[in-house]
Every structure is written in C-alpha cells, then in structure tokens.
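Okay, got some structures for you below.
Same chain, two partners: chain A is paired with chain B first, then with chain C.
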Partner chain A sequence: MKKTLQLVLLLLVISLTCQVDKTQAIDLHKASWDEIVQAADGQTVDWYMWGGFPAVNTYVNTYVAARLKEKYNITLRQVPVKDIAEVVSKLVIEKQAGKTSGGNVDLMWINGENFRTCKRHDLLFGPFADKLPNQRFVDWSKPSVYNDFGTPVEGMESPWGSAQMVMIYDTARTPEPPGSMAQLIDWIRQHPGKFAYPAPPDFTGSVFVRHVFYHYSEDVNLWQGEYTQKQFEKAASATYRLLTELKPALWRQGTTYPESPVRMNTLFADGEIDFSFSYHQAEASRNIQDGLFPPTVRSFVFDQGTIANTHFVAIPYNAADTAAAMVTANFLLSAEAQMEKAKPDVWGDFPALDITRLPRQQQQQFIDLPRGPATLSNQELQAHQLPEPPSEILIQLEKGWEQHVLKGR
Partner chain B sequence: MFAPVTEDAARTRTIETAHLLLLLAPALLIILLLFGGGLLLGSLQALGSQPFTEKSIFTFAHFIAVLTDPDFATSFAMTMYIATVSTLVAVLASVALAISLVRCAAANRILHFFLQIPLTVPHLVIAISLLFLLAPTGILSRLCSFLGMTAGAASFPLLINDTYAIGILLTYIWKEIPFITFMILAVLKNSGPELDDAGRTLRANAWQRFYHITLPLIAPSLGAAGFIVFAFTFGAFEVPYLLGRTYPMVLPVWAYKNYADIDLMARPEGIAIGLIIAAIVICSLLLSQGLMQIARRQREYPG
Partner chain C sequence: MNKRSFLLGLSIIAAVLLPFLPLLLWSVSNQWFYPALLPQQFGLRSWQYILSTAGQQITEGLVQSTSLALVTTCCSLTVALPAARALGLYCFPGKKAIGLFLLLPIIVPPLCVSMGYHLWFIRLGLAETFAGVVMAHLTFCLPYTIFVLWGVFTDYDPDFEHQARSLGASPIQVLVNVTLPMILPGICIAALFSFLLSWSQYLSTLIIGGGRLLTLPILLFALMDSGDRPVAAAVSLVFVLPALFALLVNAHFLGRQGMTGVR
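Our next item is the complex of A and B:
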C-alpha cells in the first residue's frame, strides 16, 4: 500500500516535471512556428477578458473554443472579468512578488491605458506579434495599429479587432449632413438646441471632444510622436473655447448633457436632437433592426476621418501556457475567425486585418458580408481612420472639459 | 418576595437577549463584514493608505481637498435641498394620507394594496418611468401638445434634468410616502379610536384633536421615518444620476465620478466624499433610532 502510494507520487512528480520540461524545452522567442504549434498541443489557455458583452462571450466560448480544440487540441477557458485593469494590477503584484512563471493568466483582451501600464511595468511576454504567421494580413503602417492610444505596440500585443466612431443622422430630417467638423460646428450654430454630446468622461462624449481637439490641431499625427505641452495647450484651449461658446446652441442650452450614449440615442430617436454618434460603426444599423431608429437613419464619417482604435490581445510575462496563447492569438487573426466575428449577427466587430491583403476570394467574402442599411463599407471606413491620441491627452482633455466647459472656470 | 421574581425576569431577559443575538448572528456577521469592512478599508484609503504599493502616508489631504473644493458647498447644498424637500413633502402628505386611511376603514384593503405598489418598485424603475413620462418629448408632453395645451416639446416645462431637481423630488416623494404612511398607520391603529372619541366628547374640533391628540401620538414615529427617508435620499446615487443635471451634482454622484475616474489618484477623494456622506447618513439614522426608542416607550407607558 505504502509502495503504491510512493509510486503514484513518484509518477506524479515525473509527469509534472515532464510537463514543465515540455513548455520550457523550447525558447519561444527563437522557435519556429511549427515548434510553437507543437508545444501548444494539449495546453489550456486561460483568457481573461471583459465579460460584459454577451455577443463576444458567445463568439469566444462556442466558435473560437471549438475551432481551437479541433485544429490545435488547445482547450480555451474564458475567464470573464469586470475590468481588465483588475488583472493588470494583479500582475503588478505578482511581478513585485517575483512570481515569474506558472501564472494564471495566459491571454488578456486589452488596449489603451491598461496596455500602457503593462508595458511600463514589463508585464508582458514578447515581442511575439511578429512571430504569428497571420500578421502578414495586418497593415502595421496604420497609426491606429502600430500605436495603441499613443503607446507604440512594438509586437507586445496582437490586434484582434477595431472600432471606429461614426456620426448618425436621419435622412428624412437632415438630407445633407455636414461632411466635416467645421461644417458640423456651423450646423450646430444654425440649428440651436438640436445637437448634444454625452458629458465626458463618458467614453462616447469623450471621443467627440477629441474630434474637436483634432479639428484645432494642425497635424493630427503630431500627438503620436513628440509634442510640447505648449502645442497641446494651444489646441486644447481652442477646444474648450469653442465648446463653451457653442453651449447656448446645444440641447438645453448646454445647461445639462445626456449622461450616456443610450440617452443620446433616445433623444435622437425622439427628434429632440438631430445627430447621434457611436464608437461602434454598426450601431445605427442594429438600432434600426431593433426598431429604435427609423429606417431612414444613416451614418457618415468626416472627410478628415474619425477616430478609430484597435483592440488587442496580450500575453503576460509569467503565463503558464505561452505557446498555446500565441497559437490562439494567431488563430484570432485568421481570415476565418475575423470573418465570423464580423458577421452582424455574431458580433459585427471590425476586422483587424487589412482585407486587401487577403486572397481575392476571401476579400470578396468580407465585401459581401451583410452590413445593415446604415453601416458604411469597410473601404469607406478604413479610408477615413484617425488614430487615438495618447492616454495622457485623453485624460487631460476630460479634466479640462470638466473645468472649463462644464464648470466654466 | 419580590426580589426572586425580578431576578428571574432579569435572567429570562439575558437568555432572551442571548437567544436573539444568536438568531441575528448570521445577518450581523454579514453586515459587519461587508459594511464595516468596507467602511474600514475605505477610511484607510481615504486617509492615504494605498494597498499594494509602498507609498502609504497617513494624511488628511484628501478630506481637505474635498472640503475646500468650491464644488463641495454647491454639491452639499444641492444634496441637502433634495433630501430635505422630498422628506418634508413626503412627511406632510403621509400624515394626511394616514389619518384619512384610518378614518375610512372600509376601503382600507384596496387602498393598502395600492399603497404597497410603490414600496415594491425599485427607485431606478420609477426614475426611468418619470423620464419617459415627464421629459420634453415624454408622454405627458405629447399629450399636452396633442390636446393643444402646448405648442410642442419646446414649450413643455422642464421637469427632468432641470435646475430645481423636480424629477428627482417627484421620484422620492412618490416612493417614500407609502413607507412613512405605513409607519404612522401602525401607530394610529395600535392606539385605536378611543382617544379621538374622548376628544370628540370633550367637543374638541378636528384641528384640535389632530394637534393635541394625533400629532403627539405619531410624532416620534413620524420623525423616525422622516430621518430614515432623509438618510436614504441623502446617500442615494441612481435617481440624481439619471434625472439630475450634469453640474452641479449631488454628493453621491460626485463621489462616484471621482471613484470611477480613469486617474487612480482621484479615488481617495471619491472615498473621502463617500465617508462624509456615510457620516451624515449615520447621524440621521441615530436620530431616527432615538425617536424610535421614544415611540416604543410611549407605546409601553402611554401618557
């Protein structure tokens, strides 16, 4: 009896060390892709992500999980969290405590501020994005891809999808919508009370303020590189001045603001205001489908473009199943997975790929995807994308808006 | 002869208390752990402790920053205004309602049922309903416009997100009247109509009977209920968040804004505001408890 127990324990130890050996046998930074796929065989990926979007959860847990198992024998376990920042702060602690391997988190859905924190504290494995075969379909020269809210990506995360701000209007009420920010500002002045934006720090309201800020920036790309505080102040104060001056022409004379994009959509549907906007390019179509918007509603982007951001996946420095996480990131970028994700009834997320780089037949599939009546074509959207400014600018603008525009100080 | 009895009574009482504590233990434990623990952690953070970093310094800076912020006075006044006005109106309406309810005993059941509806509906639902009802493009406005009473959405008075917080006040008043009414109704029913009848035989008029008999009877319970309502409306977040103006904002909304700020350094200030709210709410509840004690004593030894 005792002997059997010893034997079992011995076997257990051996099998455990073998497992450790298997993952550490190859240096993932140098290994070929085939070797990585081989090492990933049988591993389990714990993917921590914001779990507040049912469509995403379903896509991940059914389609992605099934295909990964089938193709690579990888088990995918989605771990929904309320805010990925919680996971990031957990990693900060693990780093401080010196836990360098065997972490719980293999993959994270991340961008912006959280990515910046991770990069600053060396919490990520990589660079790995350039190792993934499907990277060849990504247009890395696009500012919204090589910079994540102003933080250079440098292969430390792999793009998964993207979203773009679109303006929403009703053709029945506004047959000729303004085509640029300058025209929109004129329109607001000429139609008092018919425009509103959610109060920042609401995500959607905040992106509108950034568009005004871009309007007063000589070169939008300036913010992606070196800029001086003086340059920022100049564009920012012009932004606050305009938004303060516009107040009497806003909905309710700017005495109050919609508290959320949902409320803005209601005001728009009720005819109190004539425009809405969304950081999800397919929102108008979905709202028509749900009967919230009349069928005459359409969306447009400004001639100078609208802000788009890319969302990414990243691998923590102490992930236990790094190889499988890389294979998962690569699979997420495949034309097949991106296509499924782009279907309006699945998620309707924008592909992270540059579809012109795909084989002709797959290109056509993306073009043929049903889009809904109010959604612009991918080409039109992609031709009008502006990058997000760095997170510091975003924070300063939100604070500045509150001080100068809301409180009038 | 008497001594053993009191001793016995005292013993039974201690046993009863112990028994009661035992029964309450699970609930108390949860409240202490979640509420007390949260309060403790919050206090620590508001006083400068930052978990998981080494930069913990004991400081009142966050409280000072909040109290010296020019917004504090406006936010405090706004919160006080909403809590006081909604409580006072609800108290007055409840007294009238409770007295008339006790009189017309026959219709009691149906009325009781109607009164219970607001008790079960969450504040959030009522806030949203009022939004649909009273907004410039709401049902009421459309009805007025349809009947030719107003020229359209623009000429309908502002009742939501307005300067006087009318939407918020209406939500609270609608919601709290039944609560206070039930509290007073319990007292009125317990006391029975005898005192009132006695007053009547002494030829006291309705106002005299109310002022000298009913009011003293219900005053402690009324006060207790009022302070509970005040405490709730002072600390509630969702109704002013939905129906209030973006600025100035009430204290709970301000606390939330700071706590949810993308800048983590704003968090301690959010917690400090939360603690200030908690202190005021606790004071109000203590006052309510004091009045409850008086009400209980009054019931045990009337007169």
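Our next item is the complex of A and C:
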C-alpha cells in the first residue's frame, strides 16, 4: 500500500514538473508579419483535424509539413480526430477550467456549426485572418466566404478550401441520370429501394434535406436576407411531407438510413443503391483512382444548382504556438499550396483563392490542372452554385426532420 | 481419440483466426466490388499508406499504446493485489458495498467519467500528461483486475504461508516461493484483462490525452470513418496483432502452468 502511495506521488510530481509554461513574448495582435514569422521559428503546430480522408492526411503530413519545416522551421504535428466537435467540447471544458494559455490545440479545421459554437463561447484567437499576407488573393465579398453558414466570419478563421455538393451515379447502371431535384424525386418513386441518404444530423444527409428544402422554396436567395417564420414553415413542412411520403420508396423502405456518407458510398459501390452524393466535387474521381468505385462512375449537378460552402482553419484562444499557427494558415493560402491541393491525384479540393487575383502564369496553371474522369469542370460547377442557408435554418431542418420524418409525428 | 482432439484444436484455431481472413484480404485489395467473392485486383496501396505516409504516426501510436498499456497494467496489479487479498480472505462489514462501489466505473458511462476527470485534471495539471491518461485508464481497468484476483483469493489458503513461515522462510521467500506461484495464473489473467482494456481505450485517451498522446485506437477510429476499407483493414490488423500476441503468449504460459497451483 505504501508502495502504491509512493508511486502515485511520484507520478504526480513528474506530471507537475512536466508542465512548461509558454508565454507569448510578443503581442500578436500588434506585431508586424515579419515579427510573427520570427516568433514562429522553431515552434510546433498541433493541427487537429478530421482524419478520415487518407488523401488529406497524406497532403498535410508530407507536402505541407515538409514545406513548413524548410521555409519557416515550423514542425507540423497532425492530430487526426473522428469529429472536430470533440475538440470543440475539449476547448469548452478548458475554458471552464480557466486554462488560458499553453493549450495543446494550435490550429483546427472547422466550419459551420462548430465555428458558430466556438464563436459563441469565445473560444477563438483573433481576428487574425486580415493579418495574413496571402489574404489578398481571397475574394472576401463572396457570401460563402464572409459568412460561414450564416455566421459572419469577421477574421476569426481563415479560408482553406471550398466544396460543392455533387450527385454521383454509375453510367453502367443509370445511363441517363435525373437532371433536377423534381426529376430525381420522380426517379426515386419509379425505382423503389434504390435510393438512400444518410440520416441528418450527418453533414451530407443534412445537405440533401436542404436541397429538398430549396426545391420547395420559391427563391433560394430569400433565406440569405430577411425572411418570415411563416415562409420558412411553408417550405419546411412541404419538405417533411415529401420525405415522409418517399420513405417506402427508399432503401430498406426507409426503416433505416445509412449512418454516414461513407456507408452510402459503400452501398453504392456494392450496387445496393444507384446514387451517392458527396460534399466534395472530386470524391468520385478519387474513389475511382483508389479502386473504391468502378471506372464507369460519373458525377452531375442539378440544373438549379447545388449547395457550395467554404471550409476554414481557426486558432483556439489558448493555443501555445499561435504565431506558428498563423504562419501555417498563411502558407495554406499560398498559390503554391492551393495548387498542390487542387491536383486530383493529391486531393482535388477547390481553391479558397479567387484565381483571377493571381499572376497570369499561376492562373493558367490552375486552369490547366488535370481533372479526374468523374469530376465536372470548374465552369460547370461554378455556374451551378447555391449558397448555404444560415445555421438556424439548418438546425431547424435537422430537428424537424427527426421529429416529422424519422419519428413520423 | 488423439485425432479427435487434434480436429477440435484445429476447429478452435480456425474459429478464432477465420474472422481475420476478410481483414487480410481487404488490406491487400485494390478493387473489390460486389458480387465478386475475392478481390478483383490485389495491391499494396493500403500498406504503402500505413508504412510510408502514416508510418511515423503508426509507430508513435504503437509505442504510445504499448507503454500506456504496460504501465497501466503494472499500476493496476499493484493496487489490486492487496485489495483483492483483503476482499478474498477477510470478512468485514461493508464488504458487499465495496464490491458494488468498485463496479461503479463500469456502470457509469465512460464519457461522463472522462469529462468529469478532464475538468479536475486540468486544474491538477494532469490533463494531457502520460500520468493523467494512466490514471484514467486505471479507472476502467481496476474493477476487472480486482474482481479477477478477488476470485483467486477466495479459493486461496493462507495456511500455506504460515506453514512456510514456521519452517523458517523469510517474508520475501514466502512471497516469491509460495504466494506468487500459487496465484500466478490469476495474475496472468488479470494482467491480460488490464492490458487489453487499456489497449482499446479510445474516449478517455482522447479526452484526457487531448491529442498529445496519439494511441493506435485514436488513429484507427479517425481512419475508420474514411470508408477506405483497405486502409481501415490494414490499420485494424496493426492494431489487433500486438493484442493477439499478448493473448497467445499468455495462453501458452497458462497452458504450461495449468491451474494446478490455485487449490
């Protein structure tokens, strides 16, 4: 027993002495960019991000890590997590416990709901985005950039890339896919059991419900400005009514839903359902390349357009290596890093930059990028983009879906 | 008779190892679509990913997981042995209450336990430290260790120790030559439980370790979400193999030792 006590005490002492207090030597809000780069020299950035995409993991751990080391002597340590919301709740608890410095999270890959939670609980460092030199290539007048799901960004996060929802189908099975939401609804009715969507609040399932909601909205742009609760109720109840009515025509008669987009992709690859969809315009090509989808798979967007949004990186209020996190965020926005990220065999993510602001030669490089066999052209995609509705609408739709469609009340 | 026991042994081994066959096939497949029984195309893409790109993380995870599990096992045995001896050999009021109390960490959802710990550990400076994570793991391992050893000590006869003492053995000699050999099979099982439980902890490691300690389950869970079955299968194999190794070594050891010493 005495031995145990000694051991516990020893462990306590060791852990207490291990705590190193790192204080910021300079005030980063006032420092010049050169001073920030200097402060970042030798720091380690712990970047917490969703780790479920091997292509992104590879890009971050090889290309980005190597360049940061070589250019700024910054060590990048990726921390893959299952859901960034876990990290947000970690920060909420750290805030409660009064931990104001020396936090382990230096950078987070974030958007939408999680950003809103962070902003509401004051969990972020900033505003810092306007301090980054590469910010000049970003078009901040775009609604999907200055508003993150209806929450004003206000420099509290820095854009990293953007994504657009695309429908995925197999030309071998469905030679002529439905071109609009109305046609898709007809198709589902005519082919019972061959369509499924992940149950909200899954991110991808939720965006499908929003597309149905847009289908019943007279004007999609109405939700970006002032709208009345009555207008919302009208479109929302039509959405729930349709989805309830479609249930018997869904996969397994709608008694169950795929739990994630990944599960939907495997159902699609296994031939159980005939469509998949993704919040990532190059995913189909990527999956063909990795042998997860047959080579006959293609993607399409609805005539009325599909929802597009931006994903960001943010720095927590108590980050230990804030300067290095800022330098990293800036590097991620550089034309060079965005170019590498856009290559289909690397990741195939849309640039967060407005490429028309780049020097002509780099513009051409972006235009000349090869696309995967299943990826639509940038013009085609950009001509069919719809904005995200504000978070309040998103949350109400998710709750309403659960109440009316899932539980059938 | 011999042939029959051989067949029995073979079928048991097959039942244990067969579930790993699909994992192995997935990890070396490049293309595998319904309704093919075997992968249409074999390849080493997933192993390449694990050994080169994620190699550093996986190695770090292996080292981290192993050292956490070993330290947790040692600590939990150190605490559990005296406790189990007292519970198994002596009668005292409140014994049942203590038994119930010990089960609490298993009954209360691990998320609540971990979140509660987190707040306190931050204040104590234990969050994001190795020691903190060991303590969190101990919460989940201790009940099992104590209960296994409790059972061992219920059947244990301390008169053997008295006999050795009366024959002139020192307390240390009694411990090494009498007590330990008698309870060794029980210790092995308790240690195995503890090791495997700590090895597979996800939530408590994530919350208390806060990403500073990247164990294999954390890497595995993050990749499970990817739907990239070959990569997930390969990571699963890397995750399972050391645990399987621990199990086999233990089984081998127990098989030789038998349960002869217990009664």
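Rule of thumb we're sticking to: the second predicted complex is superposed on the first by the 259 of 409 C-alpha atoms of A that agree within 3 Å, B and C clash if a C-alpha of one lies under 4 Å from a C-alpha of the other, contacts with A are read in each partner's own complex, and residues count from 1 in each chain.
The working rule: a residue touches a chain if its C-beta (ideal position, glycine included) is under 8 Å from a C-beta of that chain, and two chains touch if they have at least 3 such contacts.
This is a predicted model, so every value here is computed, not measured.
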Of chain C and chain B, partner touching more chain A residues: C
Partner chain(s) touched by A:D321 [first = chain B, second = chain C, both, neither]: neither
Chain B versus chain C as contact partner of A:D170, first or second or both or neither: neither
Contacts of A:E113 with chain B and chain C, given as first, second, both or neither: first
Chain B versus chain C as contact partner of A:R252, first or second or both or neither: first
Chain B versus chain C as contact partner of A:D290, first or second or both or neither: second
Touched partner set for A:I93, first chain B, second chain C, both or neither: both
Which of chain B and chain C A:K407 touches, first, second, both or neither: first
Partner chain(s) touched by A:D349 [first = chain B, second = chain C, both, neither]: neither
Chain B versus chain C as contact partner of A:D148, first or second or both or neither: neither
Chain C-contacting residues of chain A that also contact chain B: 93, 96, 270-272
Sites on chain A touched by chain B in the complex: 89, 92-93, 96, 113, 193, 199, 201, 252, 255-257, 259, 267, 270-272, 394-395, 398-399, 406-407
Complex contacts: residues of chain C adjacent to chain A: 29-35, 41, 43, 45, 49, 53-54, 56-57, 75, 78-79, 82, 115, 118-119, 122-126, 128-132, 134-135, 206-207, 210-212, 214, 218-219, 221-231
Chain A-touching residues of chain B, taken from the complex the two chains share: 52, 71, 135-137, 153-154, 158, 161, 163, 241-242, 245-247, 257, 260-263
Chain A - residues contacting chain C, complex: 1, 3-4, 7, 11-12, 14-16, 18-19, 46, 48, 50-54, 57-58, 61-62, 78-82, 86-87, 90, 93-94, 96-99, 104-105, 260-263, 265-266, 269-272, 290-292, 294
